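Got some structures for you, see below.
Same chain, two partners: chain A is paired with chain B first, then with chain C.
What follows is the complex of A and B.
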């Protein structure tokens, strides 16, 4: 077990290194000069650029040195978890991230919990409800939930519950009632996806002989689903849930903008707007690390859910 | 476009063969039976029909926006600012007095063209990479697939944003960025298909009879690998439109006067509490485009599985 985790963590480091290299290459190889984009401020394509100013800026940012030198420097910095200083504010990138992280963790945690609870409830409802039109209505609702643009659902929620009914405050973070609407807006696409995947494997599981046996021995339909089928149907949904975590963090970019929360997502949007590459690279690193850790955690939980799965470090 | 969708969806194998082999009379009969089956099929699936109709409307907006919206989407008139929806302005007017309906029509065009461009880019580049990796194998396969795996771990929206920060802002750049984020998915599917087809007898026969690699790829592998790839492309259109709208919403897409659905939702935020129509109509249009394309793509997927 310990060996397995160690091997996976070492593999994870390689994946992270590869992700950083790719992001470095993308930032350097994609045609387009970051310095001229910065000077234009994302404005008109044809705006004139002061040549000496551009050279000065390039030297300041270290972008005038050979690419391989920049790359080695960059890898060495990241290995020491030093992400440099932000192009736009001059602050330490690590400190900037640390300041923004709590708000996003709160939001992501709340919406993952919401997605999990609502997704499982919808999947069970879509399999268990007594009449067929009701079941397909739940199923259609999950499809719709998955198709809605999250920035738009956020605004609709604000219009209805904040401006219309006045149940929740429109903006800000820190308080619980300020968390409800953004968490819901962020969770909605995930609810739909999770309910569809779990619902499909639930229906497959319900056709299995062991469910018929359980029913024959007197288990109610509800018990057959929740106790017998759910556990067997959980594996694909768990894989999806692991993937959703990355998606929710990316979704926070939009949701935090809509609800004016000062978190990682807002930071990302600002960094893109300012072409702040050190911050963008740190965010890519963070997303990669999150992916590696979440996947490891999901893999470690598999055998607890289904004892037939054995972990092997290949 | 919608017609072909419903057609393949309900097409039965028996009707197809009868049409191919039969005498003219039989052929006509088979064709009539097929149309009948298609109509019955769509009647049984009203949502699919609605999705096809809506998508047809949106495509018509894209091809000829002037036919559907007579008012200038850029014409400002301060005296008509923030009118609610009515007979004169179907979707109301915005703060500058521009007609929201014609902005939605023209904005849909921008969003849809950008979405199609993104999917086309992902489809072409992803397919080429996947086909090379799958067919050539060896170290090329190893390197390409490692890169693809790494791209997959970065959430798509974040990857697109990173690319946009390099390319600069604008609708085309946003479409390219979203397309790049879509490449890994296509590369994976195409590689798997190519690996499956590579082992089949007809490809082996072509190799043995001395055909060149490009000819084999084009004549034997691409046609056989395309159905699942095209289904993926159809499924991806909705997602691409969503991503492009999200990036435009964040302010990286079309520059202000030009109408774009995501940007329109963003501009409407300032009047959220007083002018609900400014955010509702553009948002609803996007949501329906995504729903319809996914509905049709799933129907295509299902018909592909059964045949």
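What follows is the complex of A and C.
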């Protein structure tokens, strides 16, 4: 078991290294550089800047060094967990991340919880509902939920519940009422996906002999689904949920922009726009580490849910 | 020229990114209308108190306006610190502010300012000649970190403290544009006690200014809170309220998405928004209880620039024909929802040097065809494109930065308009520009605008002086260069404008630029808000604003 975890962690390090390398390559292949973004006047005054000043700034940031040196630095600093300072604000990257994290943790936690509760409820409902038209209505609704772009759902939620009814504020973070709409907007596609996958495996499980046995022994349909089938049907949904956790930063980019929240998603979008290498590096590291750890956690939970699964570090 | 070095808006894209960048209050629309008595916003006597909630498109990453050319940094900077001079938004005339008067020597190398003696910084330090000297020295010290301010001080020699309230700034060559530069946020005055601080800390707002507000809190790229300074008594000459600000405090909220920004305003969650989206501006102006104030950037009107090094554009007639073949109104209506103005000159209408050249900038495809015939493009091929005697097709390429839907649509519309007179326009979107000087700018057509409320912008862009900024670099027009050089040695406003007018006429006559449109952006606010006033760049003076109880 310990050996399995260790091997997985070492694999995880390779994943992180690969993610950092790819992000470094992409950043250097994409045209533009941090200095040009810093100096671009937002319709600014004058905007008559000497090229030599820009070069000086580039030298200060170490951007004039050969690419391979910059790459080694990029990776080596992460290895020492030294994330440096942001190009655009001159602030410690750790501090930048610490400011953005609470907002995203809140949002991610709330939306994952919503997705889990609503997704499981919809899947169970779609299996248990007494008549076929109702069951397919629930399933179709989940398909729609999954298909709606979260940008659009966000705007619609705002139009109705903030601008129209005035129940929730449209922007900002920190308060509970500011969390409700974005959490729903971010959760909806996940609800759909989870309900479909879980619903399908529930139907498969219900056809298994052990369910028939349970029913024959007198278990109610509800009990057959929730006690017997759900556990066996949960594995694919767990995998999916793990992926959803890993991909939460990507979802947060759109949601945080629409709802003007200052979290990791917005930070990612801004940092990429500004070519702020140190911040991007930290974000890639964070997202990669989250991905590795969540996947590991999910794998470790499998045997608890389904004892037939045995972990081997092959 | 390397695009990476360019701070200015190389292409429309960059300008679009800057729609948040607003200029002077030009015309009110919606409930504002043309009524100068102002039924915009709240009416009656200003009320003291309250917190103004102001939605930005994007929060600044740095609030030291000397270190950042971006408009949001300067908007915040304007509330925290004052400048030596101010510009009249109507005329562009330079007005006294922290400097009560100034004199310039005949060589235009030495500028002497008389200073107010009743001004203090928020840390209690007095504003005086020593402080001004410390500020200019500090800009030079900042070097690359204050690129814009540094370029305004090009050739800076020293500042001499003549007495407590008199100070002389000396340059080693004529620098007439310096006067207007003292009105910009790039050269605001900070407390000498703050100037030694680490530039990164200054960015975070760890400085004292003499402005109407102090910084209560600032989280980079997130939020800004300002608190009124109670003993403020030296407001800008534009302000009616010369004392402390009306509102107690201001909260700046970044709301990047336009429809959310507008919805937050109409549902009463914020009081003031910048950058009302063009597509919904009319709707907001028509909504009872809300006002939209449109603004034009004091810039070079967004142009198509025929590149003089392009083989097919050697002839002035060909270059001028391009302008006559553009239907500017159609572009404004179709691409910008009517929310921008057809260009009437090389400079936008709010630039102090604007000259009405609309007769030369008319839409006249017949005249365009005539000029093209005269220039030798007299055969029309089967594809409808003109050819010259050598059989070359009149096909022009515009290389532009991709990413802005509006500029893309504009280029496509112009492509159709030019096709009608037999010119082919090939669109060549690129992610970024190669690292070349202006005389090797790719393609045949460029689009390039720069903002500054002074005629000096045309010197930079249409001379042959700067390899990275001047469109005629290596292809000098001697007459034009001579005019533009004399701008730096001329201080008298009338003379300066007269020279600039000659230069602009020359630019249009020779077809060095085809001005297309003046970008308009807009503020929206509710009728609960009174006293909205903006400076020449459209940055609001928040000490004027008050909220109805």
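What we mean here is this: the second predicted complex is superposed on the first by the 285 of 314 C-alpha atoms of A that agree within 3 Å, B and C clash if a C-alpha of one lies under 4 Å from a C-alpha of the other, contacts with A are read in each partner's own complex, and residues count from 1 in each chain.
By our rule, a contact is a pair of C-beta atoms (placed from the backbone, for glycine too) under 8 Å apart; a residue touches a chain by one contact, two chains touch by 3 or more.
In this text, all values refer to a predicted model and were calculated from it rather than measured experimentally.
When the two complexes are overlaid on their common chain A, residue A:306 makes contact with neither chain B nor chain C. Applying the stated contact rule after C-alpha superposition, one finds that A:90 touches chain C and leaves chain B untouched. Applying the stated contact rule after C-alpha superposition, one finds that A:177 touches neither chain B nor chain C. Of the two partner chains placed around the shared chain by superposition, neither chain B nor chain C is touched by A:73. In the superposed model, A:54 lies in contact with chain C only, and not with chain B.
Looking at the shared chain after the overlay, A:272 reaches chain B, while chain C stays out of its contact range.
In the superposition on chain A, contact is made by A:155 with both chain B and chain C.
After overlaying the two complexes on the shared chain, residue contacts for A:64 are found with neither chain B nor chain C.
Contact with both chain B and chain C is seen for A:257 once the two complexes are overlaid on the shared chain. According to the touch criterion, the shared surface of chain A, contacted by chain B in one complex and chain C in the other, consists of residues 30-32, 40, 42, 45, 155, 158-159, 163, 257-258. Listed in rising order, the residues of chain B touching chain A in the complex are 146-147, 149-151, 153-158, 161-170, 238, 242, 245-246, 249-252, 262, 265-266, 268-269, 272-273, 276, 279-280, 283, 286-287, 290-291, 294-295. Across the interface of their complex, chain C is touched by residues 30-33, 35-36, 38-51, 53-57, 60, 85, 88-91, 96, 99, 155, 158-159, 162-164, 166, 169-172, 257-260, 262, 266-267, 270, 274 of chain A. Those residues of chain C that touch chain A in the shared complex are 2-9, 14-15, 17-22, 55, 61-62, 68-72, 74, 143-145, 147-148, 150-152, 154, 181, 184-186, 199-200, 203-204, 219-223, 253-257, 259-260, 263-264, 266-267, 269, 297, 299, 430-432, 450-453, 456-457, 460, 466-469, 537.
Partner chain B is touched in their complex by these residues of chain A: 15, 18-19, 21-23, 26-27, 30-32, 34, 37, 40, 42, 45, 143-144, 147-152, 155-156, 158-159, 163, 246-247, 249-251, 253-254, 257-258, 268-269, 271-273, 275, 277, 280, 283-284, 287-288, 291-292.
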